[in-house]
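Here is the structure we will look at, set down as structure tokens.
Which chain is which? They are A, B, C and D, in the order written, and residues in each are numbered from 1.
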Amino acid sequence: GKADDTLNWATDKEVAVVDPYFSVTRELVIMGQMGWDGLVLFNNETGEFDPLLAKSWEWQSNTVVDFDLRDDVVFHDGSKFDADDVVYTINFLADPSNGVPAQSVVNWMKGATKLGQYKVRLELREPFANAFAYLANEIMIMPEGFYDNAPVGADGTRDLSALTPTGTGPYKVADIKTGDYILWDKNDDYFSGGPKGTPEIGHINFRAIKESNTQLAELMTGGLDWAWDVPKEQADRLEQSGQVTVVNEKTLRIAYLAFDVDGSSGQTFFTDQKVREAVAHAIDRDSIAVELVGAASEAIDSACHPDQFGCTQDVVHYDYNPEKAKELLAEAGYPDGFEFDLYGYRQREIAEAIIGDLSAVGIKANLNWLQYSSLLEKVQDGKTPVNFMTWGSSSIYDVAAITSHFFKGGPDDPAKDPRTAEALQRGDTSIDPEVRKEAYAEALGIIADEIYWLPLFSYAKYYAFSNDLEFTPTPDEIPRLYAARWK
Amino acid sequence: MTDTTTPILSIRNLTVALPVRIERDNAVDNLTFDVRPREILCVVGESGSGKSITSLATMGLLSPSLKVTGGEILFDGRNVLELEPGEHNALRGDRMAMIFQEPMTALNPAYTVGHQIEEVFRVHRSLGAAERRQRTLKLLEEVRLPDPERLFESYPHQLSGGQRQRIMIAMSLALDPKLLIADEPTTALDVTTQAQILRLLKQLNSKHDAGIMFITHDFSVVAEIADRVVVMRQGQIVEQGTADEVLNHPRHPYTRSLIDAVPRPAESPDKAAVENPVVIQVDHLQKTFHSAGGMFSKGRSVAAVRDVSFKVRRGETLGIVGESGSGKTTLVRCLMRLMDPDSGSINISGVDFASKTAGELRAHRKDIQIVFQDPYGSLNPRRTIGSQLIQGAVNFGVSRKEAWRRVYELLEIVRMPKYSVHRYPSQFSGGQRQRLCIARALVVNPKVLIADEAVSALDVSIQREVLKLINDIRDRLGLTVIFITHDLRVAAQVCDEVLVMKHGEVVERGGVGQIFKAPQHDYTRALLAAQPGQDWVIPDMAEFSEQMDEVVGQ
Amino acid sequence: MLAFLSKRIAVAILVALTVSMITFSMNYLTGDPAIAMAGENATEADLDAIREFYGYDRPIPVQYFSWLTNALHGDLGHSHYLNQPVTDEIMARLPATMTLGLFALIFALALSIPLGVLAAIRPNSLLDRIALTTAVVGQAMPSFWFALTMMLWFGINWQILPVSGADTWAHFVMPSIALGYYITPGVMRLTRAGMLDVLRSDYIRTARAKGVSKFSLLFKHALRNAIIPVVSLAAVQFGFMLGGSIVIETIFSINGLGYLAWESIQRADLPMMQAIVLVLSFFYIALTFLADVLNAWLDPRIRMG
Amino acid sequence: MSILDNDSLTAPEHETVLSPGQLMFRRAMTHRGLCLGGLVILAIVVIALLAPVIAPHDPYEQVLSEKLIPPVWFDNPATSWSHVLGTDHLGRDYLSRLIYGARISLLIGFAAMLISGVIGTVLGVCAGYFGGRVDMVISFIITTRLSMPVVLVALAVVTIVGSSLSVVIWVIGLLIWDRFAVVMRSATQQVRGLDFVTSAQSLGSSTARILFTEVLPNISNQIIVIATLEMAHAILLEAALSFLGLGVQPPTPSWGLMISDAKGLMFFDGWLIAVPGVALFVLVLAINLVGDGLRDVTAPEDRN
């Protein structure tokens, strides 16, 4: 709390090792920004990338970019930051034999070379539109040789718990108790004039509190200053109570239903476009968005988040119309409806609402609830007639992070329609915004026309934090805790 | 010297109701008698006549289903029925004590017997641990328990029936109570031990001015110790008076019938040896109990049966008498393979009982039946008598109808009412349960019957009936009987041959005539000498036998 | 005793082997460790890379045997998710769970046994009904409800107890009560049932004839014979608390074994799961052994063997 | 001849006295707890069977804009008599869901209790009675079962066979027999050495018969206790499993699920959890009363 100058925040995931590469959780993206700096930083207001460890950069070609680095930065252990650190970090990440789990985050980089003490060159494997997004959000610069000190186990993996997290960021790790808390102290030596500003709050303490009721209890009793992902109803009640500040902020995550278009699941109802259309008319997406998700949530029509580059909403809109749905079903030969399996893994109450809407038009959905990993396997094998899924796009404001992932013929592609694949490929490999927009619009149009997916709504997250705290949520789901201050 | 004329216990018009009307309304009906200090009052009577219930009512330990509906029980001038539970509790174990009829189940299985005796001191006196232990050991010695140090550490299940009974006795004598109620305290004891116990009781009686209410079926014991006698039947007192009056000049027909049924000293000569086939052949049977040591104490072992061999021919009755704890029960349990012997061979009607598996034996069990020494534990408390009685017959393939017929026939013979089949064991008196057990064993028409003190809790008239029954079956069907008893007169009456056991060994064996007339072994002689009531010449009641039949057979 | 012990150890080894085998295959079925490591938005290529790098693409028996060989050498493995040796992590979490379990057991026994005994004295009396209600509440009220209700009153409304964490003894008060209350019904009701049976027996009458006090009659003479099934139950329940206190640990944010087990299943963290299951089976075996020894001591008629 | 028909061993009637069956019946009819518990269970069963007739609404009918209306006794303008117990988080009538939920919960509770009771009792009694090697094998099975995390098993089952009502019942039944087994084992150990067991042996009773007629009746108290315990346990476990995907899936109502669903609003709308909670409490209480009553009625003594 304000009294002891400690910002206590909690999420429901425990963090074992404070390392932005080997722990693939949202928590470490947040803490990555606290403890480390990337070369650049995304600016939510301008939508541009600000220089951070890099002072400036210059594209030499589609695949080569040179960075000029700051020379006034020191790591938490006192060592000075220079090009060697950047080169080490990037080359370490780019080498698959180092086993960084989230390969897609790093494998677009071919490597880095030192051009001078404060100048490096980054080479890409191929032109990549999201390069800067990754550089900003994920690629944190470690001190040279950082991972070399970790003891290597029998099977060749590193024991990272033996390392002391060291970065250049505005906060540095003061104490870790695995699974319990991670305490950060303000980095008094943080360079000034950077886009992250100067840290003000003395300490930031992270705790994992799995149970949302407990988070609430701690918030109300002052044990916590900041929490997010507060369920809607609880957030509404909290807001009414006035004990804490509650903000609903949109996110890049969207929800959608994906249909088994080719009948591989054995339940062939959804190979008929009329049936898919009936489903689209049957579900009251607006009500679900408003009543169950949050004020900042909105129903969507295209297979991407409206805020993403290239995400046009100018596609066919299926309004909520149960009567029409029934008609369509009758036309398709199911005047008495049918029964099918719906798969899901997250937010049962929404799945339940969808089932309720469907049953109102005579379709009975049997809910199959699976772990994400098991579900993914089933989805990729085409075993699911309909699956209720979500996608967060790794906080990347670009259709490439979602539509291209799903409709380019990959394992996740429900339709394997060559038309979308072609259009998306066109968009992905171009750097001309107009060309890209046009290509993506074409693909999104096809998806909406054919209803391969039924995009449902964009998510909105509830943030709840102490009334003493000055904090602004951002839609990229990377809360800038390092920039928070007391009122 | 205390006043010996004011009764220590005085029961006035006591009536205890039975919960549901069964054979009669009241378990005891309008009972009135006194027990004075320095007096031994013997209560005899029909099994099931309410003797135990009267004692329990005095102690305030009646089962909650039985209610005192009238009368008073004055102990030391105070009506115990009106005492606060706490006050009564303070009296119990200290001023009034009771020896229970059922020694087998009356001890807590979880504690060593030493501990259980000691507890009396702990509850009522503040003595040091060493003194408590020492006094307990002394008590164990007084009741003639061998090896007190071992027994002190033994658990009830490791003791023989007689040993447990003596533990109960020791417990009740611990604090020299003013009133001692002894409910058939010596049924499981061999006569030498019995004599010792009776002496002990007399001592308590005279030295400590205690009044003793002594319930027994054994008239020789009555003759030995009684000052006065109360005769009960069907919840009522039919006669009371001094020992001499009741024993020698009984007035009530029931009393006379009882005395008539008392077994007379045997004069049966040895039967000529018949060459029937051998039914039971036992060779070199051994059984040793090893009580596992605890964490800190070392284990001990008891050789309960040592190298015993004998054979029994068809139609013969083999008696086993001997010291309590000498291994009689163990011997017969091993014989039936209800317990695995350590070594030795057993052959019953050509079947090798020692080596067969439990499954194989099952089919042969029909031929050999046992009446357990303990009628309390051997009836399942949760099943009706009926289902337990026909179980055996049904198991061996007798039709249900036939089985019920036999059950009713046997119930009649053991003089239990037919509707007993609907009741649960806890609703019967000790003798009644024993009769049910006998009936249960006989329902399957066994070829061999083992009776482990099967008639000890029966009043003499029923006892005579049962013995007659056994003899009848033996003669008619060639039943072979092994008969364990402490009552030498009974043994003399029914047995052809007798084994005398001591310390797990057979010390003497021979025909009844030889054993009782010309005993060879010292122990046998000691046994015979210790028989109680030898001075009593049983009056001949033959002239009343007609009257008697009327009374008994109503 | 020695023979008995060695038999138990043989059983223990067998249990450990079987359980580890089943866990291995089940865990493999239910989740893909690669997905857990890569995060939700990973691409198929990412997953393949992880599988290959960490050897998840080998056939399951091969993986199991390599795990088993290492385990036999005393190396229970390394959690790729947590990037830590499994044993370190378990050792770090065990104390919290043990403390919680122990406090809970003490609370449960202290509440349920006297209550069970008292209820048996006068069946169907008011006291018996109160005890019954206490037990039924414990049965019908899921532990999370009970725990959160306590949290609401003691933590939020009155603020006399800390809401979550495991730093001081005060942190353990609510969790222990919540967890303990969860096992109270069983122990209490079983004690009552046993007492009702035992109080009828002849030796209780003997004890009364000796004039022992009511207390000693109930708690010394009767309880010792009545409690034997209760001891076995309590041992199992204690095991439940060590392994299954997921709910309570989650609610009060106590970093214990139950919580770790739950998380490990969800992220298909095989080595961690394996080690936890081994620890659990070790505990259960030890507990049932203890219960057997205790029971044999309580009732000498029960032989061990 | 079956080994279970012990009660058919009853004797022909006698005029003067009542047979044990009649006596027991009479005692049962005068036992307050037993009658009360029996009536409550009967009522719940009837309500469950007649759900379509009794329920005021379709339990699936959702009106998102009418969600979370409190029950009528709350001082809140939103309350309405059309939703006596209010509505849930999707605007469905709570009373109707409660009534329909009784079906699933009763079914799961009883069926799972039966399955686990049979398995656990058989294993426990065998282990306790035979001892030695049998005990070792069964102890092995019990410990293995105990060490397997329920969650893991549940997840594996969903992945392999999916989820349906019968699957849930079987899974729960196959998972919760451990307490039965453990308790029966030690209870049997206590009974097996008693003389009436020996005497049944000498009467030639088969082992199965001894187990059924000598041992079982003497451990029936413990069985009753564990059975009532496991029944409530099964009902709640179903809800927990359903969150893992194994269990009755929404929107089908069940009490356990209603309780779990209400968890999120525990601090703010306590009634959401209290309504199904009280229903479950009443059911469990009734079952316990019946259990106690059965014990009193079958116990050979203490007939007040």
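As a working rule, contacts are C-beta pairs under 8 Å (C-beta built on N, C-alpha and C of every residue); 3 or more make two chains touch, one makes a residue touch a chain.
On a predicted model such as this, the values are computed, not experimentally measured, just so you know.
Participant: Quick check: more C-beta contact pairs in A-D or A-C?
Facilitator: Per the contact counts, A-C leads.
Participant: CA centre of chain A versus CA centre of chain D: separation in Å?
Facilitator: For chain A versus chain D, the centre distance works out to 45 Å.
Participant: Centroid of chain A to centroid of chain C, CA atoms only: how many Å?
Facilitator: 37
Participant: Where the CA atoms of chain C average out and where those of chain D average out, how many Å apart are those spots?
Facilitator: Whole-Å distance between the two chain centres: 22.
Participant: Determine the centre-to-centre distance between chain B and chain D, using the mean Cα coordinates as centres, and give it in whole Å.
Facilitator: So the centroids are 47 Å from each other.
Participant: Show the residues in chain B shared as contacts by 2 or more other chains, in ascending order.
Facilitator: In chain B, 157, 426 touch at least two other chains.
Participant: Give the residues of chain A touching no fewer than two other chains, as numbers and ranges.
Facilitator: Residues 213, 217, 371, 374 of chain A touch two or more partner chains.
Participant: List, in ascending order, every residue of chain D touching at least 2 other chains.
Facilitator: 155, 158-159, 193, 263, 266-267, 301-302
Participant: Could you run through all the chain pairs that touch each other?
Facilitator: Result of the pairwise touch check is A-C, A-D, B-C, B-D, C-D.
Participant: Touching chain C in the complex: which residues of chain A?
Facilitator: Residues 14, 16-17, 19, 22-25, 96-97, 99, 101-104, 107, 153-155, 157-161, 178-180, 207-211, 213-214, 217-218, 220-221, 223, 371-374, 376-377, 380, 391-394, 405, 410-412 of chain A touch chain C in their complex.
Participant: Spell out the residues on chain C that touch chain B in their complex, using ranges where they run on.
Facilitator: Residue list for chain C touching chain B: 1, 200-203, 205-214, 216, 221, 224-225, 297-301, 303-304.
Participant: Which of the residues in chain C end up touching chain D in this complex?
Facilitator: Spelled out, the residues of chain C in touch with chain D are 7, 11-12, 14-15, 18-19, 22-23, 26-27, 29-31, 123-124, 132-133, 135-137, 139-142, 144-145, 148-149, 152, 156, 185-186, 189-190, 192-194, 196-197, 200, 225, 228-229, 231-233, 235-236, 239, 243-244, 246, 261-262, 265, 273, 276-277, 280-281, 284-285, 288, 291, 295, 299, 301-303, 305.
Participant: How about chain D: which of its residues touch chain B in the complex?
Facilitator: So the residues of chain D in touch with chain B come to 1, 6-7, 9-12, 14, 16-20, 23, 193-196, 198-207, 209, 213-214, 217-218, 220, 298, 300-304.
Participant: What part of chain D is in contact with chain C in the complex they form?
Facilitator: Chain D reaches chain C through residues 32-33, 131-132, 136, 139-140, 142-144, 146-153, 155-156, 158-160, 178-179, 182-187, 189-190, 193, 221-222, 224-226, 228-229, 232-233, 236, 239, 259-260, 263, 266-267, 273, 277, 280-281, 283-285, 288-289, 292, 295-296, 299, 301-302.
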